[in-house]
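Here come two complexes built around subunit A, the first alongside subunit B, the second alongside subunit C.
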Partner chain A sequence: MDFWDKIRHLDRRVIFILMVLGVGIPLVTRIGLPIRITPDVRRVYDFIEGLNPGEIILVSYDHDTGTLPEMIPMSDAILRHAFSKDLKIVGMALRAEGSGIGRQNIRRIAGEFGKEEGIDFVFLGYRPELTATILGLGSSIGRVFPKDDRGFLIEKLPLMQKVLNYGDIDLVISISDDDTPVYWINYANARFQAKIVPAVTAVMATTFFPFLNSHQAIGMVAGLKGAAEYEKLIGISGSAGRGMDAQSIAHLVVIGFIAVGNLAYFLGRKK
Partner chain B sequence: MDIGFIYNYLIASERLGIWIAAVLTLAIYSFLYKDNPIYRFAESLLVGLSVGFLLVVTFETTILPKALEPVAADFGRVFVKGQFGMIGSFIWVLVPLVLGLLMFARFLPGAGWISRISLALYIGFGAGASIPANMQSYILSQIDGTVRPFLTINNLLATVNAIIILAGLISTLFYFYFSKAHTGAFGMAARLGTFYLMIFFGATFGYTVMARISLLIGRLTFLLRDWLGVIS
Partner chain C sequence: MRRSFPIIVCFAFGIVMLAQFFIPSGFSSNVRSEITDWAQIIYASALIVGIVGLMKYHAIRISRRSDGWFYNLITILSLVFMAFIGFAFGRMDGSPFMWLFNYMMAPMQASVFSLLAFFVASAAYRGFQARNAEAVLLLASTVFIMFGIASVGNSIRPFSDIAVWILNNPSMAARRGIFIGVGLGTIAVSLRVILGVERTYLGKE
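Let's look at the complex of A and B:
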């Protein structure tokens, strides 16, 4: 068995080990590779940057725990930007697990900025049935969410006294690991003209490119790369930026495997 | 209670949580070596916890406040306090609850057809809500997004971009038109459509690889930072 035969029959566990090293070493050593800002992320940043203090962003946590490494860095970056500009945040979830994640996340970032629940932000909790919930928010948020997730009536919360429906919300951000932002576009944007930003996993990015071209979405933050871009725009060094070093090296490892695998295949076929 | 004791208790709880999460992470990754009982235990635990969490959250945030509490409250007003003027409100909250319960009729032998009443209403609502919305989002707005750039051409790059998108739209539609043989000029256009599709699949696969590596980065960051303290 020559070298190329060995490569063709390489144990897949060797590939796993090389991939773990490709990801792990940059995390420990921190290379600091450059991050280029894409127009889709810049549009989201510019839109939020253009909002006035007191204006309202609805952030919906439409994902499960399995995709936290992609979702949390982008959520953190967007929330930090919003709270630093004194914008108000209304949080909610269209996934059961998202309710626990969103609640913790908003309170953690709000705590960094000394924001007060009920005045600067609220978390409304979880509702099933995407279509009915998104359509319902267009007529009355209070009918869909009579109480926040702590059990307080939302009409008693100072922030919610001025937020009746999409007409009072300046931007809707769906942090999602599936096609839930399509529902926001279909129902909140098409019917109520709400401005939508999909903040999605990289897997879902190509689903939303047509909506960017048709301006049905303001912009898009996609995956760890999008989160790293947003961190760079707001001038912080967060977990996404560090992760992008590992991401880039892991991609080189994958490209290397593809090149070597193809070479081994074609050289083996010649024999 | 001593503040120092509480602090130490919280720190210990957090450390315990991190250790459990780390051991479960390694248990899941042990599948990469080969299938084993430890992996299957961790997988079953995840499925059980997810379903249990979903049931509890759905009951607490939806079934209780949106169905049981309103029905119980209106029942009390009408039949206990004798406020018969509230009967309309009671019926208003009772009907959706009954329709929801009818869905479970499919578990009763011979009475499964009753669930079709609720199902028909649900499908009717779904179709009524989604057809116009999808027409607007997927067809009208997309046509607008494809054609509008030609009406507002202001630079060469935007023009080239608009032409590429229009060519992609038309050729891909040709590819999915099966009532005519893909030969001649029609076949060439359809073939161009396959190139656009392949570019789309390639981009999607690339993004998928990126997403999966991101998940590995997340887990390794947790193990190296929170568990082992190797990185800050």
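Let's look at the complex of A and C:
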């Protein structure tokens, strides 16, 4: 076995170790790679920036725990922006796991800004069957969610007394690791003209370009990069920026593997 | 009757939901709300059926001592334990349920998902080779997008511009084609189901 054959059949443990170093070193030592703001994220920021205090954003946690490291920085950055502008947050989940994630996340960020549950934000909990839920919210939120996540009747909550349906909601953000925002666009936007923002994992981003192009979505925050851009826009240095360093180096490691793998393939074949 | 009744129910609700979409009235809205309420109730009931099916599947494998039966046992025990903890102590912040959710379930799922990076790296090294023209195209677009999206390449103008062009043109065109195809397919299948032509959802005769 010559040199290039050895390289071609490199032990996968070597690949894994290089990947560990590629991801681990930037997490420990902050590199601070530059982050350029993309138009899709800028549009989301500008839209929220343009809302008046007291206006309402519905944030739906439509993801599992597997993608938490990618989703939470997005949610944190958007919520911090919204609470800093005194916007009201109505949280909900179309995934059972999203219920636990969303409730804790909204309360944590609301706590940083001294916001009060029921007045400045509510968390409605989880409902199954996303099509029926999204359509139902167009008629009456109170009918789909008669009680909030704590078991309080929503008609007793000061915030929900002025939120009947999509007509009272200024923006819907679906934080999702699958194509759930497509359902929000198909039913809440097409049917009720709700303004939608998909906040999705990077691998799902391409699904939403047609909707951005047709202006059925205001903008998009995609993956850790989108979260890092949002953090930059609101002027904070959070977990997304640090994660983005690791992700960028990991991308370069994979590109390096592709280059070496191809080099070994062609040089090995010549012999 | 066992087969014709579901077909009649499906036809009636299918036509009503189709018609209400085009009738903007209070009555139509009430009908939609009523039906979507029922859809949620039926879906929630189906979850119970799903849990029973899951338990049955794993119980059979445990009783037969099939390969990996120990993992089937862990699945059942985890399911029962989480449900018990949730019902007994609630699931609000600080409860044992949320402790298990935050410190066991979430890290385990995130760990499994993060393994993807290692398998992608290994697969990219071994399998992503320019063997033919199609593979070269795929390889080039992958490298441009990965490099253009990563922070380093994102700041280098030609790379980021090429990445954005690939995403906004060929990729989006393909996505649009897929969406249109899925949309037309959905309409066709829905009509077949509503009109009773497609009956596979009823199961075997």
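General remarks:
The rule is short, and it goes like this: the second predicted complex is superposed on the first by the 271 of 271 C-alpha atoms of A that agree within 3 Å, B and C clash if a C-alpha of one lies under 4 Å from a C-alpha of the other, contacts with A are read in each partner's own complex, and residues count from 1 in each chain.
The rule we apply is simple: a residue touches a chain if its C-beta (ideal position, glycine included) is under 8 Å from a C-beta of that chain, and two chains touch if they have at least 3 such contacts.
What you are looking at is a predicted structure, and each value in this text was computed from that prediction instead of being measured.
When the two structures are aligned on the shared chain, A:I185 is found in touch with subunit B, with no touch to subunit C. After overlaying the two complexes on the shared chain, residue contacts for A:G24 are found with subunit B alone; subunit C is out of touch. Of the two partner chains placed around the shared chain by superposition, subunit B and subunit C are both touched by A:P69.
Using the contact criterion defined above for the overlaid structures, shared-chain residue A:S140 touches subunit C, although it does not reach subunit B. By the touch criterion defined above, A:V254 reaches both subunit B and subunit C.
Of the two partner chains placed by superposition, only subunit C is touched by A:L33; subunit B is not.
Once chain A of one complex is fitted onto chain A of the other, the partner contacts of A:N213 extend to both subunit B and subunit C. Within subunit A, the residues touching subunit B in one complex and subunit C in the other are 16, 19, 23, 64-69, 97, 100, 127-128, 131-132, 135, 191, 202, 205-206, 210, 213, 225, 247, 250-251, 254. Interface of subunit C with subunit A (complex): residues 21, 29-30, 32-33, 36-37, 39-40, 42-44, 47, 91-93, 98, 101-102, 105-106, 109-110, 112-114, 117-118, 120-122, 124-126, 128-130, 139, 142-143, 146-147, 149-152, 154-155, 160, 167-168, 171-172, 175-176, 179. Of all the residues in subunit A, the ones that touch subunit C in their complex are 10, 12, 15-16, 18-19, 23, 33-36, 64-69, 97, 100-101, 103-104, 107, 127-129, 131-133, 135-136, 139-140, 143-144, 150, 191, 202, 205-207, 209-210, 213, 225, 244-245, 247-248, 250-255, 257-258, 260-262, 265-266. Touching subunit B in their complex are the following residues of subunit A: 13, 16, 19-20, 23-24, 27-28, 64-70, 96-97, 99-100, 125-128, 131-132, 135, 146-147, 149, 182, 185-187, 189-191, 201-203, 205-206, 210-211, 213-216, 222-225, 239, 242-243, 246-247, 250-251, 254.
Across the interface of their complex, subunit A is touched by residues 32-33, 50, 53-54, 57-58, 61-62, 65, 125-126, 129-130, 133-134, 136-137, 141-142, 144-146, 165, 200, 203-204, 207-211, 213-221, 224, 230-231 of subunit B.
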